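Below you'll find the structures, each written out as structure tokens.
What follows is a pair of complexes built around chain A, which joins chain B in one and chain C in the other.
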Partner chain A sequence: MFPMPVEHWKPLNRRIYKLSLPIALLIWLLPMIAVMVTSIRSTEELTEGNYWGWPKHFALWANYHEALTTSPMLHYFFNSVMITVPAVAGAIALAAMAGFSLAVYNFRGNTALFATFVAGNFVPIQILMIPVRDLSLHMGLFNTLPALILFHIAFQTGFCTLFLRNFIKQLPYELVEAARIEGAGEWTVFFRIVLPLIRPALAALSILVFTFVWNDYFWALCLTQGDEAAPLTVGVAALKGQWTTAWNLVSAGSILAALPSVLMFFAMQRHFVAGLTFGATKG
Partner chain B sequence: MIDSASGIAPAAVVPPQSSTAQPARPATPARKGLSPSARRQRRAAWLFLAPACLMVAVYVLYPILTSISLSFYNWDGMSDKTFVGLANYVELMHAPTFYTALKNNLIWLLLFLLSPPAGLAIALYLNQEVGGIRLVKSLFFAPFVLSGVVVGLIFSWFYDPTFGLLAMMLGHGIPVLGDPHYVTFGIVFAALWPQTAYCMILYLTGLTSINAEQIEAARMEGAKGWNLLWYLVLPQLRPTTFMAIVVTIIGALRSFDLISVMSGGGPFESSTVLAYYMYDQAIKYYRLGYSAAIAVVLFAIMLVYIAWHLRRMLRNEH
Partner chain C sequence: MASISLQGAQKSYGDHQPVIRNVDLEIGENEFCVFLGPSGCGKSTLLRMIAGLEDLSDGQLKIGGRLMNDVPAAERGVAMVFQSYALFPHMTVFENMAFGLKLAKTPTATIAAKVNQAARILQLENLLDRYPKALSGGQRQRVAIGRAIVREPGVFLFDEPLSNLDATLRGQTRIEIARLHKQFAAASVVYVTHDQIEAMTLADKIVLLHAGKDMEQHGSIAQIGAPLTLYHRPVSRFVAGFIGSPRMNFLPAQVSAIDSAGVEVALDQTGEKLRVNVSGDQLKPGQAVTLGIRPEHLESAPPSAVPPTQIIRRPISLIEALGEHSYLHLNAPEQPVLIAKAPGDATVKVGETVSFVAPAHACHLFTENGFAVPHLESHP
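Showing the complex of A and B:
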């Protein structure tokens, strides 16, 4: 263990360490806590200038109700869900097949294809912007949810393929061999043998990709116009311009935007961290 | 690595003992005579790959080529394109904003590299077994899952000169986001928050996999503190450090969300970076060819880095 475990410290230092933890946490999360407190502060209090004290009356219901009803927040939220869920499912489905193929079959061009998928990950997204926007316009998809869904599927497939290919490569190859000897076709090998074994990796990857797509702002800006297909990130950013002084509403909106990915993270933390570090170390 | 981090353990899956000797990978078939099963496998390989390849070709490869060719044209998105050769690049070389953007990109890059050491420091601080530490670690990590928009909003408010937290702490307001000298630093500081959290989690996972016996042995010899960290722990953490630097560099070059939300590249384009400059030229001024040229420059910078990374990765494979 490094550093020296606290059990071996002097009792006083140990006590100090334990005391310091909540304080450090408070400082680290201060901006976030401030936003949460503001989101339940009433407008009167804000106009009085009570920004940082503890709220005297809580306006939890009123603020969130207002943020949800006076702006198309729910609509944005719905858009975000309708973009993120299919995009994650699509990217993972494509990547599982591609990753399987790259890991199990030995064919000419395997490495080159793999390298292409990896490189695709690191490409600065700006170089894709104008052509993708153009493509969406030509397909009649501009300012619709499918435009964003299709793009996210394509872009996330690269990362997911890298991840799953490495994961499948770690499985014992004898499994595939054995199944083939039993007479299983290639699809059966993939669907019945490999897919069940990579379920944990799929879970890790889904959460990771979920947060990537949910938090996307750039593509939402490029491929939508107005409220129709705009996801939550665009909606919340627009709130800032609309009500410069209504920080309680902006805060409520931000909390709504942050909530799904934060909840997702806390619910599936182990998978999330595993995915992140696995993808990272192998990437 | 993954085994220690979670329950995901591919190695733990017990393979049914296949009785066949020599389960060689499908050998490269000799000449024409592909066996039927080899042929079937090859077909399967391509069928499995086809959908992913198609999507990547349409949405990644083709756009890259189109952008590069577009950078030699003048185009407003509606009328016909006119070929202008290198004019866009020449103009770029003479645009002061381009240099501002380049300089800011460099500031982002350098300051962003503070996040691996900061993440390491927090990871060392939290790498203890006390009650509730799991929750503390996750809460420290939480900023990373926030969207750039939310982080941007939180910090715009933090910096607000009339009622922001910073103004309250200092006793007087500083218009951080309204001052060309401070704005980039203010935004990078905000961006360091989630990035440090990211590096921290990488290091926390890295620390679980270091060799405890070696550390104990060194302690017996009397090594401690900085020496131990510098000569024994850090070398073992080298893969983690490499990774932390990789993701940090990519993050720095990708910076867009925070700039867009916090300053819109302003005031007077003083906080713009290549990514934002490019977006601005395309969306606000409809200068698509010029904008593509900026993207190509950004791509070229990144390409050096991608090539280096790919080479290293593929070398490890063999």
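Showing the complex of A and C:
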């Protein structure tokens, strides 16, 4: 049987495994640790070249305070929120409705439409860079928040629809039929039956999309110019000076930028309820 | 409250051959109608057509006199109990049962009263706060029934509701459904099952459906009638073989004589002559027919019965002893098996040759195309 439980391994293999796992973990997490440690190191220490040693004194407060106050960090943060929240909400709302109709209704062209959603995911987004930039210029949206919101919604909806359609397809179809017989219209079926049952999928998707949009640098760089509509990712990059870079500030900024995704994960965790549909049909 | 009427109902998927053909059916108010048939006969499809979950490809459906072909399920005023129960897993038992009433904008106090009353009838009072996952199969089944009855619909539809329960629970729930039907006397019930015990015990009217070749030839409906009519007066060999367990014995025979009191046939294998109380108007001497007799209608005869009329003599090849009674498989090698029901304490052994009387009134005759020859008098 595979995988074999660790307890059944040969003692030597077991020892090697127990030794190598922490080492692998350490190597894997090293960049992360470096960023975290650098973010609390003082500028003097960095100029002295103490990159990897234990910090002599902690500049936690000074670094974060400086990162937040000397650059328009809060402005970037606000922009990020204003982009990410509507983009996530919009993409998931559209995808839930599209996924519902693709999963529940048997209309002509259903498969073709679904295939289009799937195929759209295979288009490498980089080749769209110039057309999308031109489009946003023509629409008069260049360097505005709506430009980023719209394009994130457009790019995320495809994958979300694929994901949610498959999830809704897994629900027992009798639930939809039972609701209809009880007198429910299609909107009621969607809001009262299907949405509550796909909550785990919605939570997982919203984290995924949130992280993607929040961490997006590519489109932010393509569709903004200057500080006005720039999100946090662009802002952190802007902390880099032309000749010297205050790495401790960049690290502190990066950590601040990463925090919301982590918090989002913990906030959504309670929705990951396994087996939510258990008990709907015969046990 | 509402009668159901189907005229020329037909169902086909895409360009394929119809799966349901020529269904003309009237289900009266307060009637308990059971759709019975072999698997694949479309009985569930027919039910779903009444429910509004499937379209009619052809024909008309009326509920309470109103044409329903294009009315969505939500507006047909029907309630349905699904085979898989289809309880809403994110709602408590109370919420499940109240769902339809809430959608109908019933006042909260009325909802609570109705749900509590239904819960009392179904012994679900202590479970109202539970979620479906915390219920046993039988309890889920009762919640599904509860969800249907609180709305007091004109039509109840049951789609094999007992098939997921164990044998004991099935028996209990069957009795419960019969009791509920008496309580909700105004509603008509359509009940789909493949279990003929359920059909026989519950139905006012059984609709037995054809599958496959028979359906293509004769339409979907094999016979409509009261349970005992189907048992005693099957209109075709298919109905005769489907109703009753173990199934009716069929023996190839030839018409040997016809008179006003009935028909005499000679069995092909043995030449034994048997009289059957059927009308000989459509028969000719020498015509090939099939004689049908149910195992429970064969009466044990003393070996010295005189005169030897209506007697079938066969060696016993196998005995199925069920305790209260035994089924004797009667056949010489190379002969088709004839099953007879004998008392459980009968002292017979395998290999012994026994005689059974096949009473003329209990025998059926089927022509080559499978139709029953009409009996001379109506069944008791």
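Assume the second predicted complex is superposed on the first by the 238 of 283 C-alpha atoms of A that agree within 3 Å, B and C clash if a C-alpha of one lies under 4 Å from a C-alpha of the other, contacts with A are read in each partner's own complex, and residues count from 1 in each chain.
By definition in this document, a contact is a pair of C-beta atoms (placed from the backbone, for glycine too) under 8 Å apart; a residue touches a chain by one contact, two chains touch by 3 or more.
Computed from a predicted model, the values in this text were never measured in an experiment.
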item: First, second, both or neither for A:225, with chain B first and chain C second; value: neither
item: When both partners are placed on the shared chain, which of chain B and chain C touches more of chain A; value: B
item: Touching partner for A:197 - first (chain B), second (chain C), both, neither; value: both
item: Contacts of A:13 with chain B and chain C, given as first, second, both or neither; value: neither
item: Chain B versus chain C as contact partner of A:151, first or second or both or neither; value: first
item: First, second, both or neither for A:175, with chain B first and chain C second; value: both
item: Which superposed partner A:184 touches (first chain B, second chain C, both, neither); value: second
item: Which of chain B and chain C A:240 touches, first, second, both or neither; value: first
item: Chain B and chain C contact sites that coincide on chain A, given as residue numbers; value: 172, 174-175, 177-178, 180-181, 185, 197, 276-278, 280-281, 283
item: Parts of chain A lying in touch with chain C, wherever the complex brings them together; value: 172, 174-175, 177-185, 188, 192-193, 196-197, 275-283
item: Residue numbers on chain B that touch chain A, as the complex places them; value: 1-2, 5-8, 10-11, 13, 15-18, 20, 23, 25-26, 28, 37, 40-42, 44-46, 48-49, 51-53, 55-56, 58-64, 66-67, 70, 77, 124-125, 127-130, 132-133, 136, 138-143, 145-150, 152-158, 163, 165, 168, 193, 198, 201-202, 205, 207, 210, 212, 215, 224, 228-229, 232-233, 239-240, 243, 246-247, 250, 253-254, 256-257, 260-261, 274-275, 278-279, 282-283, 288, 291-292, 294-296, 298-299, 302, 305-306, 309-310, 313-314, 317
item: Interfacial residue positions of chain A with respect to chain B in the complex; value: 1-7, 17-18, 21, 24-25, 28-32, 34-35, 38, 49, 51-52, 94-95, 97-98, 100-102, 104-107, 111, 113, 115-120, 122-132, 134-135, 150-151, 153-155, 157-158, 161, 167, 170-175, 177-178, 180-181, 185-187, 190, 197, 200-201, 204, 211, 214-218, 221-222, 233, 236-237, 240, 247, 250-251, 254, 257-258, 261-262, 264-266, 269-271, 273-274, 276-278, 280-281, 283
item: Residue numbers on chain C that touch chain A, as the complex places them; value: 51-53, 72-75, 78-80, 82-90, 99-100, 103-104, 131-137, 140, 147, 151, 164
